[in-house]
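Each of the two complexes below includes chain A, the first together with chain B, the second together with chain C.
Showing the complex of A and B:
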């Protein structure tokens, strides 16, 4: 029987759909034109402009700082929340808890941004990196909790009981049995939290204060007077770093085996 | 989701114990993560003892070296944050965001903020350089006494075209009636700007509230619409750079950027006069460093600084004593420096109150006409 070409064509189309925009972005980062997408020759002008723009690097630093700390905190809180929801999900308190955790997933971002801003103003918290951090944790916790909850639903708690029967302390059984079993869910939640924090615009716009401009805020404000192609250059650099890191970690993992 | 209750009755005690242990471990690692995060955020936020001036402005709207110079001269730190529209900035401040010391909204937004008591009255004794502000522009401004706002950058709309492709250029808004350019021209998708262009072509004020003048403008616009490819504010730059459009309604600052890519692009200000807009320097009522903010306004209107800033950002800082210090190519550019007689015929967009409804009617009929 002749093999159908259909899967190959679909795969190629999906790959093009995913990667063509990225390829165009990388190519345009070397194109000196700002307005026309016509190729005007290879140039590193946007890279030079990028390295001459301290504000962009400050924004990148803010963004990464917030993303890393938000991920760390929301992974812990989200996992604990998922555990409580799963074990005691039938109680009325936990049903309220579930609604609260679910809320940020369905509430429109703009509503959440404005209400957080009003809450911070009412509480007298000065706007800055700390308020952005709190706001991001507020919605990232929900995403982590939902991912870990999914994992917990497939988890067989008799394994934990077996560990306890075999003499493991509560601490040991949690650390050596429960957490490793949940790890895929926790990691997925962490990646989700990191990504959401890095590219959030609407909520961040409202709760950011002086000196806490993040990369999305900076990029958006560049549309009117700035030079957005600089962002092509920055994205290309970030892509290169990510790509190198992934390749290196895969090499290391293979070497270990 | 926990299975049957009976099956759980016995092991639940142990599971509870492990839950408690898990909670303890979660709490301790949360505490650690929280401490690390707090320490990092605190370290990032620390400003030492130096006073901090917080600017909230458009992106790329001030030459970065000038900020460094101000920091050195004053022994302070300048924090620069950016917004992308007047409305977004207003919404945020209105909701209670504070901590900004100096803003650069457009004039119409300044009037609104001032009416709502959001701005601080300026102390002229702290800003001696106000003497250098161009009185010709102040005469057009909504706050000519500079009680609350000082003009920062002036821009104006006009006509941009490709010199090699358009014959017989006449410096008039009536260029949009040229049938040989049908389908290759654009006008702004902006009610006051576009109706204003037609009013100017007829010799009326852009702030008129006379229905007869507006009716005349409407019939002229309906005539022009047959030649216009679209009403549009952003993409015209790309269309002009690539030669898709030959003649467009444009803002001068944008055109200077397009010209860097397509040297055939020219800009003219119609001799009937243009619509001028201005971004102003204002200090919010709840500024933390009003003294430093006054000092920064004074610094920006130092003639040498103003000239350097104008040359860097391609907009005009209306500071009359900075004009002789400008490079010749800027001083001789009629797109930046309007001829005095054209400037006298140019206007700012004013708040016309209830008469706005008349403009909305004209605009709606224009947009829906075939």
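Showing the complex of A and C:
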């Protein structure tokens, strides 16, 4: 019996739908043409221009500064939250906690952006790097908590008891046994938080102030004032970085399952 | 009571609606191999966790070597646990797992290395020191768990169903190994199991638990030969229950029992019962004899005619289910030369069963539901 070609065709169409635009963008980043998208030969001219642009470097610095600090803070908070949710998940307080943690995953970003902006304005916090940092932490904590929680679900707590039994204090057993055993989940959560922070646009758009322009915001303004192909080059680089991080986080989440 | 090394004094523990342990007092002597035996949910694991310090009792105290350790956290107690899941640290090598206790205690590095080497030799795993737990077999993991606990030289070693995860042959091997280790190092073992064969073969003494209470404490032989309650009789080994009333006491030692539908049964009267008192008997299947021929009458011999209803050939023994005066009675016989000099009893054949008056054992307490613990062959249609 001959196999039907239908699944192959559907797969090809879906792949094309998802990845063709990205492919065109990547290809165009190597195209020296300024306005048309006709191929005029391979060139790295836009990459060179990119590296010479001070605005880009400033935006990149902001983005990385925020991403690194957001990752550090949300890993600590998210892991602690996941532990509390797992250990005391039956109590009413923790069920409320779970709902709260879950919210940022389902609430539309634009809503979060507006509400955060209103909160900062009401509290009189001047918009800037600090408000962007706070805003990113609010949703990154949730992603870290959910990733670590998944890891905890099939975690054998008797190893923590074993550590206590062998003479470790509560703190020692957390440091030497619990955290190392959860490490793949924690690292996966950290990579997720890092990538989410790097490429967040909507929320950042609302809470950023003067001098705190991040890379996604910079790209948006570059598109608005003419579309220099530099963006293609920048997007390609961003794509490479986030793709690597996501693949790494998935690998780690799967490790030793 | 001052000789007890590990002692529970009236401990109780409740989890939500479940009374896991209900006012239990136990004393374990130094160097003893002591087992807590019972079905799942009987409270035996909670007892172990109370000794380890993972739980604190709602009432009662726990003493170790005369010291009240009730409030002491697990890391401050000189007891170590072997968990059912072994609970090896998955991110550490075998060497780091075994050396965990001494490393936490900040002993010198060289000393730890030598100690671990000695332990590895004891469990015959010197070649596996650099492996991670997930590269080991079940039996090897178990041995690492033993070494990891013993390296701390605990006063008491707590074992929580340590053999439950192993297959039968390996279980038998580890059983012998545990016994050897106990003999070699001579520390006190508190062993929790639901497997009566494990408890019987290893223990100096056994405490049988049910529903959070102690049913009976004794040596394996005492528990088996002289069960005090129907639960103990039915949970450990197999047995036959007969219920009746004392009819007469012809002398100080024996009494005659009236059992509905049966000729009078003679029984050793170790409870000094008076005529008219109700009593339940437990008779072990291997104490009952069976034959085609009517046996010779003897003063202390109870003889009943019966019909064979089921025959289960078990290799070294054969199990018979016979019906005598409406009672189903289980008989276990060992073979001498099965093909040569035994004429096998077959299904539906008439036979005689008999037992000595000393072999029917009077129970302090009988509970109808305990009959459910006995293995009974399916009733035939029309039975």
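One rule holds for everything that comes next: the second predicted complex is superposed on the first by the 191 of 257 C-alpha atoms of A that agree within 3 Å, B and C clash if a C-alpha of one lies under 4 Å from a C-alpha of the other, contacts with A are read in each partner's own complex, and residues count from 1 in each chain.
Here is the rule we use: a residue touches a chain if its C-beta (ideal position, glycine included) is under 8 Å from a C-beta of that chain, and two chains touch if they have at least 3 such contacts.
Since the model is a prediction, treat every value here as computed from it, not as a measurement.
> First (chain B), second (chain C), both or neither: which does A:153 touch?
In the superposition, A:153 contacts chain B only.
> After superposition on the shared chain, which partner residues are touched by A:9: those of chain B (first), chain C (second), both, or neither?
neither
> Going by the contact rule set out at the top, does A:164 touch chain B (first), chain C (second), both, or neither?
both
> Mind working out whether A:222 is in touch with chain B, chain C, both or neither, as first, second, both or neither?
In the superposed model, A:222 contacts chain B only, not chain C.
> Contact-wise, after the overlay, does A:181 reach chain B, chain C, both or neither (first, second, both, neither)?
The answer is second: A:181 touches chain C but not chain B.
> On the superposed three-chain arrangement, identify whether chain B or chain C touches more chain A residues.
B
> Which chain A residues are contacted by chain C in one complex and by chain B in the other?
Residues 158, 161, 164, 169 of chain A touch both chain B and chain C.
> Spell out the part of chain A that touches chain C in their complex, as residue ranges.
Interface residues on the chain A side: 156, 158-159, 161-169, 172, 176-177, 180-181, 183, 256.
> Could you please specify the touching residues of chain B with respect to chain A in the complex?
It comes out as residues 1-2, 11, 14-15, 17-27, 29-30, 33-34, 36-38, 40-41, 44-45, 52, 54, 56, 58-61, 64, 79-85, 88, 92, 95-100, 237-238, 240-242, 253, 257-258, 260-262, 313.
> Touching chain A in the complex: which residues of chain C?
Residues 52-54, 73-75, 79-81, 83-85, 87-91, 100-101, 104-105, 134, 148-149, 152.
> Any idea which chain A residues touch chain B in the complex?
Touching chain B from chain A are residues 33-38, 40, 53-55, 61-62, 65, 69-70, 72-73, 76-77, 79-80, 83-84, 86-87, 89-90, 114, 117-118, 121, 126-130, 133, 153, 157-158, 160-161, 164, 169-171, 173-175, 178, 205-206, 208-213, 217-218, 220-227.
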